[in-house]
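This structure is in structure tokens; I'll ask about it shortly.
Per-chain numbering from 1; labels A, B, C, D and E assigned in written order.
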């Protein structure tokens, strides 16, 4: 449906992001809210569409080996900027800006949150005003990371050149009002409160954006945000509405707007600690020196997994924003394995049988199975969050039915996800038997994500408990696959490898995936042009949004 | 000042006077209607939460997955006239989701609301009363010490300023960090958390009591009966216990009333922030908090816990009023 | 009294320094990490570099010292510059230009000066929380006076009942109730507060009022409940005093007797309570601000806490501590103004 | 009944049959029982009696100054200037209180409002009743303070009550009561808190003012020495009743009621022979929990006889202006 | 008192009690209220010394300082051979049973929340190790001794008449069988018939237990009744001290004369002319130069404004400090000499 007219014809757009951005420079924060809000202003070379496919944005097209944009030996990629792109201050976008962005984000003292996008980049050179070559230190089978996606946008050199490295925080004006090429520009920014934008007069596309201004409000909670769109109609668009399904349904029933969900790679999962978290071990607690007394037995993990009614969890906590999954890598389509789908239906009897077979029986009749004097008793922790607590409660009951004793604990998110080595409660220390949270990966390529579970990634006191292999899974075979993937270029082979790794993880039962999580948002019926997206900023195409009769 | 000899005078000595002090207190307390009703209600609630779980034996943590989001049985009244009776007799066929198995309904994962209210009441009341007691104890102690001993007045009042200024959340986080493991291993996970929460709330809410008590003690110290006690050589400890403390009871009583409410509500805020009891542990504050998002569809989820908290606070308030009167021999005597 | 005030002010300095040290150590000791909100997709080594960029690598005493310098030396310079440059009060003075680009107290979350954000948040905090406090006090006083004057009347009983209920209902509940009633069902008031709204004429003033009504209502309920209790108790204490009879014997009207003679005497404890509540206006109302999206200092504080934005939390907590100490002093001084018998020794 | 008092034209205040009751949790307190007396212009009427005998309550009942509840005026009339004060609405009473009848309360320590200056409290009635401007009121307040003998009066106007000594406060109270030149001054134990030298100053002041202003005074005290010095006529109260009324010299020379007689014997003397032991009135004062069915002094009366314990005696006249409530005055005791 | 008699039970030498007045930034001592300013007297065993004077002249302060309820500024107090003024707290506590006090205001000096039994038993709790039953019995005995009905033991102070309350205070003072009791205006708050009861009681007890009293009062008639000797105080100093008969019949000091003449006399037979004192009582913080009484003295002479008069014996046992009795114009007698005089009386 075409909807055309002059720029700014539709007046004001009201968006509520209940977690408000604290800065508009995504390089300094790395938080989703900052990235999303900045995506109205600054843009990358390429974005992903709702299907996870690349769409040339500031770049003229997508470079490939076929069209010569990517070097045969995979050590460089050459981008060409679209013709005639201007910054909102009217100056042209040039190669210099792209190179500067790389310099800015890789400065050792800058603390750039997105610097991993430039991993392996050895140099960025300007071929001419509109052509940039990104060179890699070693062959890069998937070279679409730097300047790709909402987390790696391009900033203006003229504005930021005084803000390199340690001086980054001093440039408050620039951080709070970056000049961009996007459809909107900032008129007022109040950290953690509200941003007002107005249409960029120099935006490259004729007649876009349709809205003259955007009021980008923060504060409150998900319920209030949903209510303001669905019930009172004060806002047009609300983000991240993780609410109980019946609440969302009831709000949607008011008829003012609708809920849209997009799925990417987020999976709510259980991590089964492969090391022993017993406090009596002191220093050796939760390290590889002390394997877990029973969770290292895949049969126990499998039984725990089989006992879970995933559909129930989805119904209670996620509704349309969740799907049952048995993979830690559920998407994109090509990477999703089907080998483990048996877990989608609960099998309590099977789970019990499995435990019996593994020697776990309830010999003293207290409802808890034991073996060799070891009780099947777990401490199950997660961050504080209503849905997670409901999930915990459901799983606890199911496991107790299975004959497993469960103690629940929830920890404040800022402690749980914080890396404070002084706190015993971080997810990385994992001083519990089982923990639950969501993880995903940015972009569409799982290589780095799957590399999380290498042996070398295991957190330990020596690494100040840093590391991404939270459940302490360790397999030489797996590590070999990771290496192999980093050398493979063909997309199909890569997919095959990814599936193989996924299945290996699944069959170790050190990770038990529960729900493939989508991102639910709500928009007013009067808002058109929305293409909900979880691969990029979800408001990635705000330039195409318009007002319609709702 | 008038010497009221006439009324007070004792020509016939009533036998009642020999019953002793506590009988008198009780006799006076009984005449305060509000206090009587208040204590009736309070005792009923205490008895209900103590013994209720033995009568209503449903496990508050048990999730009846087949009957999630059941309404309370009174929801039958929302039906058209003709269907109300049949709704009560055979709820399964009614147009609203009700059942006698869960007379007060269930939550979104099928836990029985009645059982949770009963069980949650135990915790909330225990937390409210204990935390209030700790805050009162600390507040009274610090108030009396700083009012009575001039030398430590300044430091103690600055300490009060400090505690008023301390942000509660980081303080609790630190307490959890430092003590949870140790307490959990000593008293079990629930006992440990209980002690932590109760101490946390107590430690962060004694300051107003301390200030009020100090003010009163400062004035009391100048009263002549304190000097009289000094003239017979009374030791400071006994002076405080006998002469000072009983005479500052009334502001302490008010603090107690407000303290229970604050403690119950703070506990809910704490569990909300993940610093409280384990998530499957219901408390009234948590039930209220969880229920807020369902307020429009299932108003009972906020009404029950909200009303219970208010009723407890109100009844404690009236009991406090009555007790204050009853403990005052002047009022009692009339 | 002046010497008393000065003496108290002088002792306030070490007190405040000590309080800020304790808060700093507390925050230091508290678990939590400014990187907690950064998505898990950001690799740990990047997070480590980000931490270092925030200055987290330096030892604790150095960081406290730096904060002290920034807070007590750099920020005042900025403030004086602002006073002499932009404020209407001292703007006519020559620009002092004391600030020479030294590092100010910088928030970790926003990478901008903490003070600027606090100043930005002040208007809505004062409008909403301050107004609620003023209204709460203004309602509470007459309620307290009447309930005491007509003790045990229906008015008094209802007052007691309502205020105890008001005190026992947390704002996270009452706030949502009023939103559901007045925004959703009746559609009278907006459920979301617009902090960018400017009052320029009658129409915009009406808008401002309508968006303030609900948060003010919820906050005022609590204030009213508490202060009316104090007022009532204090009035009751004084109504029975002999000087009341004297005033009546002089032929004064009831209104004069109650509102002049009794009230002034009863105000002494109430004023203390009121004055001690004032710092909490500046401190904001965390839950209510959150519910109505007012985004004042309360919301700033809680988001900073959640994000472990240590400089922000420390600065806000310090300002709060400062106000507590200040208003404690003001209360003590007011006490003496109201009651000539009070001596300061 | 005071005989024919109401009919006399030279009476400015006529109280008859006054009954005041307090309702308390422990039952009713009959503080004032059927009290009648009158007051003539320029006269000083002394009121004496035991603590708790209802002196203060009687006087406060006259002007509606008792908090109601708990107090309740059950019966009686108080005629002043042709109207019954007990039936006068509060609105009109206000123009009498302070303006035409001044009141000095028993306790000077608490009767002044501690948070207003003495000057303010003095100016208040002047502005209200005499319609004076602030300036004029200030001048008049100054005069009044001078009048009651407070040195440096101009400056002391801006002092607060706590800056005054007890005696000075009492004098300020008197100044307030006198502010609007009242026809009647009711002074409730105005000198109890004072030591003798200051008491003497005030007594002199009173005498001078009565002379000058022709003001009638009711003076309550338990100090018979004071009464002897300044009163014209004396009321003796016991157990909420007037038991004797007499001109002052007759009271001291020929007391008729046994209570009055007993009272006079209890006082130690500063001159004359020193008694080895002070006389006391044995027994306890009555409990005022019901209207008396018998003579309230009967239980302690050395000469009580049968009738005293069955009936409450009315006041029998014995001489002009002298009456007493005792059956002894009508008949000889039946017993030996 | 004749020479060679046993040493007095109580001996006060040059007692001074100054309350400091602080002012200024560093709370400098800018002056002092000279509540008691150099008082000396002795009380023999079994004797009653009356202490009279006008309100605020330092009578209560003097009484309290003698019992070390205040720490005296200067002077020596010997009771029963021990120097009270320099005892440490522990020894002082042990000494308390010997000396007790009956307070001015019977209502204020009794804890309203303690029963009579508890009040009277308190000294026993502190200083004896009696069993509960023994204490109970002792309390009953004491109540009998002071004429309180045993049945009242469980009542609270407010339920008593003023006279009965004063008896409770006396019973408490007697509990430890003291030798010396300071009675601070025990009758000021009572009405005549009750005053008589209390005074009779005190006399009975003195006879029974051989007590020694310091009887403070401003009621001269009552002092005449009870005291064996009388001291007259004015503005912190004793101006005259004499045996009862001498003082009342032939008062020497003009202040004593004025006091006596001001007592209203009920019996018309004894009426005399009154001396009315003019002028204001000077402040004890700033006493006049010379004789303290010079501002109000009807017989003031020049020297009174310059020199402080010395105490001299004018009749056997009758001492007064007044220039009118100077035989010569030489009045430079050293104060020490007078004190010696006082001691040998």
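The definition used in the following text is that a residue touches a chain if its C-beta (ideal position, glycine included) is under 8 Å from a C-beta of that chain, and two chains touch if they have at least 3 such contacts.
Remember, predicted model here, so these are calculated numbers, not experimental data.
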{"item": "Labels of chains that are neighbours to chain A and to chain B", "value": "C"}
{"item": "Interface ranked first by C-beta contact pairs", "value": "A-C"}
{"item": "Between chain E and chain D, distance of the C-alpha-averaged centres to the nearest whole Å", "value": "32"}
{"item": "CA centroid of chain B to CA centroid of chain C, Å", "value": "27"}
{"item": "Centre-of-Cα separation between chain E and chain B, whole angstrom", "value": "52"}
{"item": "Separation of mean Cα positions, chain D and chain A [Å, integer]", "value": "90"}
{"item": "Sequence positions of chain C contacting 2 or more other chains", "value": "29, 31-32, 184, 305"}
{"item": "Per-residue overlap in chain E, given as positions that touch at least 2 other chains", "value": "161-162, 190-191, 194"}
{"item": "Interface hub residues of chain D, defined as touching at least two other chains", "value": "50-52, 107, 285"}
{"item": "Touching residues (chain side chain C, partner chain D) in the complex", "value": "240-243, 245-254, 256, 261, 264-265, 338-341"}
{"item": "Parts of chain A lying in touch with chain C, wherever the complex brings them together", "value": "16, 18, 20, 22-23, 25, 28-32, 108-116, 166, 168-169, 172, 175-176, 188, 190-194, 196, 215, 217-221, 224, 227-228, 231-232, 234-235, 412-420, 422-423, 425-426, 437, 439-442, 448, 466-468"}
{"item": "Chain B partner contacts - residues on chain C that touch it in the complex", "value": "11, 15, 18-19, 22-23, 26-27, 29-32, 160-161, 164-165, 167-170, 172-173, 176-177, 180, 184, 226, 229, 233, 287, 301, 305, 313, 317, 320-321, 324-325, 328"}
{"item": "Residue ranges of chain B in contact with chain A within the complex", "value": "61-63, 65, 68-69, 108-109, 111, 173, 177, 181, 185, 189, 272-275, 278-280, 290, 292-294, 296-297"}
{"item": "Sites on chain C touched by chain A in the complex", "value": "29, 31-54, 106-107, 109-113, 116-117, 120-121, 179, 183-184, 187, 190-196, 289-295, 299-300, 303, 305-308"}
